[in-house]
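Report on the structure given below.
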Amino acid sequence: MTFSDELRERAEVLAEALPYIQKFYGKVFVIKYGGKAMVDDELKRIVIQDIVLLRYVGIVPIVVHGGGPEITELMQRLGKQPKFVCGLRVTDEETAEIVEMVLAGKINKELVDLLNRFGGMAVGLNGKDANLLRASKIPPEKTGGFDLGFVGEVEEVNPSILHLLSSAGYIPVVSSTSSDEEGNTLNLNADHVAGKIAAALQCTKLIFLTDVSGIYLTPNEPTTLISVLKASEAKELINLGVIDKGMIPKVEACLEALSAGVPQTHIINGAMPHSLLMEIFTDKGIGTMIVAD
Amino acid sequence: MTFSDELRERAEVLAEALPYIQKFYGKVFVIKYGGKAMVDDELKRIVIQDIVLLRYVGIVPIVVHGGGPEITELMQRLGKQPKFVCGLRVTDEETAEIVEMVLAGKINKELVDLLNRFGGMAVGLNGKDANLLRASKIPPEKTGGFDLGFVGEVEEVNPSILHLLSSAGYIPVVSSTSSDEEGNTLNLNADHVAGKIAAALQCTKLIFLTDVSGIYLTPNEPTTLISVLKASEAKELINLGVIDKGMIPKVEACLEALSAGVPQTHIINGAMPHSLLMEIFTDKGIGTMIVAD
Amino acid sequence: MTFSDELRERAEVLAEALPYIQKFYGKVFVIKYGGKAMVDDELKRIVIQDIVLLRYVGIVPIVVHGGGPEITELMQRLGKQPKFVCGLRVTDEETAEIVEMVLAGKINKELVDLLNRFGGMAVGLNGKDANLLRASKIPPEKTGGFDLGFVGEVEEVNPSILHLLSSAGYIPVVSSTSSDEEGNTLNLNADHVAGKIAAALQCTKLIFLTDVSGIYLTPNEPTTLISVLKASEAKELINLGVIDKGMIPKVEACLEALSAGVPQTHIINGAMPHSLLMEIFTDKGIGTMIVAD
Amino acid sequence: MTFSDELRERAEVLAEALPYIQKFYGKVFVIKYGGKAMVDDELKRIVIQDIVLLRYVGIVPIVVHGGGPEITELMQRLGKQPKFVCGLRVTDEETAEIVEMVLAGKINKELVDLLNRFGGMAVGLNGKDANLLRASKIPPEKTGGFDLGFVGEVEEVNPSILHLLSSAGYIPVVSSTSSDEEGNTLNLNADHVAGKIAAALQCTKLIFLTDVSGIYLTPNEPTTLISVLKASEAKELINLGVIDKGMIPKVEACLEALSAGVPQTHIINGAMPHSLLMEIFTDKGIGTMIVAD
Amino acid sequence: MTFSDELRERAEVLAEALPYIQKFYGKVFVIKYGGKAMVDDELKRIVIQDIVLLRYVGIVPIVVHGGGPEITELMQRLGKQPKFVCGLRVTDEETAEIVEMVLAGKINKELVDLLNRFGGMAVGLNGKDANLLRASKIPPEKTGGFDLGFVGEVEEVNPSILHLLSSAGYIPVVSSTSSDEEGNTLNLNADHVAGKIAAALQCTKLIFLTDVSGIYLTPNEPTTLISVLKASEAKELINLGVIDKGMIPKVEACLEALSAGVPQTHIINGAMPHSLLMEIFTDKGIGTMIVAD
Amino acid sequence: MTFSDELRERAEVLAEALPYIQKFYGKVFVIKYGGKAMVDDELKRIVIQDIVLLRYVGIVPIVVHGGGPEITELMQRLGKQPKFVCGLRVTDEETAEIVEMVLAGKINKELVDLLNRFGGMAVGLNGKDANLLRASKIPPEKTGGFDLGFVGEVEEVNPSILHLLSSAGYIPVVSSTSSDEEGNTLNLNADHVAGKIAAALQCTKLIFLTDVSGIYLTPNEPTTLISVLKASEAKELINLGVIDKGMIPKVEACLEALSAGVPQTHIINGAMPHSLLMEIFTDKGIGTMIVAD
């Protein structure tokens, strides 16, 4: 292929992106960023650049991130033994503090810095900033009588700061801790935070970047990937145990967003380079899309 | 190449466009559209889509168009014999009317309609609208004593309507006739109009879509294409006769824009599909770029 | 009368205009401009000045114009024989192109230029600009089985561009062609276009400048001029054949505007100098006013 | 003259006002209103309507008014003997209070009410409102050693409230008292107040409505009316005693405004009905115009 | 107490005001100012400063004032005998003029000047300005058949000018006269004007500064002060004659405001220094608060 | 003292704050918060409330905070030995990460949460957010040849995000880390950050809350407190060694702000309750004020 042929091909690819750019122009996408794509440096760079690109072609991205492995690492260095119940980290007061430090003080700032480095102008937030997320402790009744400690659920989203920042061209990057009425710092599940924010913003797409290609009908069998799933079917698959542990909070967050009127939710493989662009700029998309019934 | 490989490649191409998109975000480009690319339906569709794409990735395009062949055709159907002096059409009162009808009433509206059809929201203008271009007859002294009749040169550009429309998201499409103080309709050279508008807007790029790949050191020898030319060199090439007739008004318009502070002017081949995108979204660009000394 | 008496009389006339100016301050008037007043140079100048005056005393004029005679003339020069069915021009593809050239490329630009010459700052549009008018071919069922060809009816008005231009102080001047979904240029009836735009803008007055003084109870008997007509009465007069051919589309446009909530519609004599001002700045008005039941 | 002829004549008069309306569109006029035109009910009604008309044709009027006779009347009813030095009222503390009551509490509110009654939306102010005028006592040195008491001169104009009100469409009506640093109410000369406000606003015209037709070369000889006077000539006429007592503060106010850049100042006869319109809507104007050298 | 202790105590007082400042931030308070607090110079200074303070801590004050004693004084000096029926001043045409002069031309301007002197930026208005209050004569039927003459009741409040001024940071100061449809100046009861404006603005608090500490259960027995009163109870106390003459218009104004949705109305003692601040910046408040049932 | 006397006294204190509130209305104060006042819970609550109060009385506070002791604590828990050179923490890559976690992830979020709890609506930032602070490593030449590692100095302040947040009513809370061109996280001195931000914003006051009452002429002798110091005198006191280690960066930051045009800088004792209010709301202020020569 000559240089000039290659150039033309590249131009054609750009030209073919036009209908998708038009379709999503000015639309809000909530992107839950986590897993391998947040650990591997090269993948991280690609995701960050893709998010900046979305911003420049007129999409309004809101990023929500987790950070499990780094929390565990710091806990261990500080002599604390991580413990999980129902997929949620048992969190004493000191752990809540560690979670917030790692999320808001390390991962969040690193993402903000990377986004800025690629021209994105990001601002980091957590649930406390501008009262973005009002939370309360999850009552033991909801976790089989087990007291998870300083683990919270979102009671209310105050999205004003997100509107202010994104309408001024900034990309908000949200980490998942906040406080309750008594002023306790609470550890929140980042997937649920993404779902709540998506619901509050009535966004156009909620996208989870995970470590698998989507939901499989037969666990661990990539060939059984489900492309489109209705909300009711997703609930059934949870009941049947087909949707497994790590995936449950993501699917629940999708269901919450769908029931609030978000039209499309997606679970895609962040470990596949440019999966975000592939999802958005093709007709078929990739991964599993969960839609309302 | 598997489907998934192809998808990734496409995503990579998009991702690689990011730096160019950032560089030109919010910048005004004046695009002179003419020649073969305005006659061939497939090429026309491609140019139109490319312009719409520019709009969606944050560039502010202003389109100026010509329409020589269709003017000649209507003149002949109405029994008038076209005649040219110094590359400019000798224009009696009736011809001026024909020129305006063809440009403003046919070509302009067709381009506007096509841009809208591809999602661009265009508005057609000529020099009379909102007093965009104030013109006067070219005095015979400037054309070797020959009276060209109702052929004008731009005296003043009032760009308010361009700012109003483009800041509201519309793509202005300008055709090249206007009137003089006495109310005579004047035929203007579209290349010069593009140069004058580029100068008045202090735009970032002025791009001419022509039928050749740029300026050749040896006429008609594509292998002698000049990539970058300084203004002073361009003037010399005109004096040396290397830059030939049809190219002269384009180069002069570039020189006028450059002297008003426009940083980059380009002559590219509109007959090459997506030449506009290739020029903008690659480091090297294509065609000939003329820059200030 | 001494000079000073004359001066005082003039001042009194101005002073007496105040209540009308107050009444219509900030109100939108859609003015369909056509007939003799658009052919005679002196009448044209007067109408144009009157429209500019309206703008300066706080009224928001939107001008819609026709151009039948000049279309016929160009068709004939190009060897085409005009043909009318139900008062509508049978329009093949080439004729549609001629119609658009004459309307958008000649008459529209001439009006725009005149308005500007008298200080009005006008911008010309047709139905294609900013998707102002979405149209479709009139199905043969509506014209007694006869296929009129490229003649359309307005499906939708997108008035954003009218709001943008008039709130920035420009006078929009609209000519009556547009395109359908397939991209065919369609010839629209200018009276109907005026009615549709009046309805979409919920304007305060829709005024038709015609060649007669209004609607006569006995055709061609000026002494039987009807000053005020209710919508239901107008419909009856159409059924009775009292309202004749050329007047039918105007009255239908009035009825359409009235049913959309426009409070007053007028048919006045454009051939009478300053008829526009006489209609607006007197209690009784002139011509025939059609109001809702 | 038939009704229809009369109608047309009226329309022509309106049409002929267009160039003047265009010329003064959006321009600020400071109008000093006083003398007979403020006493005679019919003249008052006419002046008020004329001012409202100016507002509606796009001029921005600021009204400043006096009220000598009514002040004198109330003083006498309260047993106080008016006394004047250099044309200025000797003002003890009680007199200052009477002046303010009559001006701000009677005449101002009456003018405001009349303007509103004719559709003008006026708001009354005096120098105290929003600190519009900061004043200080005229030192005896300036009045031949005579202490005028609570008579002030304007030190500073804070025009923000005038801008706020007039840009919201209100007509500000200003009466001529204010206070000094110690909080004393001061009686100000209304002519000087008009000149100071004209200067501060850099208005387009300053107009004095007086009881004479302008400045006469031979006092009391209307046939010797001077149409145009240069500032230097006006100063000379003062020195020569040709410009007499009551006229001096008006001419001084004109000179002050001119030296601050106001291009035109006028002294016209408010007792002539519609003199304001005659001045504005004719080429020659009426009365005496004083312009910069 | 050392200087430093005193300083700390002062700081603590400021700090303790925070919750009240937050509670009333951006809220509109209508303050009826009258009685002793408007006569005594020291009390006047304090009230004025308190109002300015409210403005600076984010409250939006609208001041309405009366002026009975000074009206009576001027009437007597002009040889007119004041006469009252049902607590309302019998007002002939000349008296209406006197009332307006004293209120708008003396008291209002004095308050405006004082507010400005303490940094408040006030603008004086009466009911005529910007058509703030449209009024009509009280028909004799409402006053036991007695014709009060030029005494009016408010028919309509046009609060645009209040919004314009207060959103630009000015404090509007309103005196209680206006005109009827025939242009007669009418004397209005300032308490009722305050109630009407409070109702029209849907303000947060309506506060009457009076000469007593509030409503007493046993007249003239300060120990029987009622702290909180429901609207229905207030009506009963009027019927029982417990609420006496001077207090009736104030309580009626409170009831009118309450029925329009104003949540809290207050009658406090303006003769107590800083009673306004005490009412606002303490939990209990002072005086009598009348609330909806 | 009776309850009512106490109430009046409180009201008087509020009233006496008016001139200070007026003086600083709309002005930006940069407050460096640190030391004991950030460790003691009661003092912390008081400072936070004071800052919220400033916001509500119209001052625009920008908070910059440090956090030395908590950084040291976490370092030690993670087995790292803190080391200081020239009063700056020697910072390896891991330490920089710890610093950022503690500052941005713990202290900053705690302050934000407290401010919100008291009604302040705060948003936390560090130098990376919106590129607020561009930094570079301090070259060893500036620290006596000693390589401090990942310790930076501010190269550039981009205050857009501060303007956006504060004009929308939010209180920005800034912690002192950022990154350099290579993407390394750098530990910045919070005092210098405060000075740089004060300079960039051209703020009205820069206030340091420290653990001492100000600058003493004789170290540790509170009776030798200097109330006002000129910049040149401050420099001399540094040279003379009178201004000691911990105070040097604060004084240097003051000097930097002063030389950029900030008119007043203050060093006050945060350990004294309400010292912030005492400084602002008294004529004399407290602590040491450093002003330009």
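Every chain is named by a letter (A, B, C, D, E and F) in the order it is written, and numbering of its residues begins at 1.
Heads up, the rule we're going with is that a residue touches a chain if its C-beta (ideal position, glycine included) is under 8 Å from a C-beta of that chain, and two chains touch if they have at least 3 such contacts.
Note that this is a predicted model, so its numbers are computed, not measured.
**Q** What's the overlap between the neighbours of chain E and those of chain F?
**A** Common neighbours, chain E/chain F: none found.
**Q** Trace the shortest sequence of touching chains from chain A to chain D and report its length in steps.
**A** Step count on the best path from chain A to chain D: 3.
**Q** Find the geometric centre of each of chain B and chain C from their Cα atoms only, then give the gap between the two centres in Å, rounded to an integer.
**A** Chain centres of chain B and chain C, defined by C-alpha means, are spaced 35 Å apart.
**Q** Just how far, in Å, is the C-alpha centre of chain E from the one of chain A?
**A** 57
**Q** Per the centroid of Cα atoms for each chain, what is the distance between chain C and chain D, given in Å?
**A** 45
**Q** Residues of chain B touching 2+ other chains?
**A** none
**Q** Quick one: label the inter-chain contact graph as line, ring, star, complete or other.
**A** Drawn as a graph, the chains make one closed cycle, so a ring.
**Q** Starting from chain A and stepping next to chain F, in what order do the chains sit around the ring?
**A** A, F, E, D, C, B
**Q** In their complex, what parts of chain F are in touch with chain E?
**A** 7-19, 21-22, 25, 46, 49-50, 52-53, 56-58, 118-119, 272-274, 277-278, 281-282, 286
**Q** In the complex formed with chain E, which residues of chain D make contact?
**A** Residues 77-78, 97, 100-106, 108-109, 112-114, 116-117, 121-126, 128-131, 161, 164-165, 168, 170, 177, 179, 183, 185 of chain D touch chain E in their complex.
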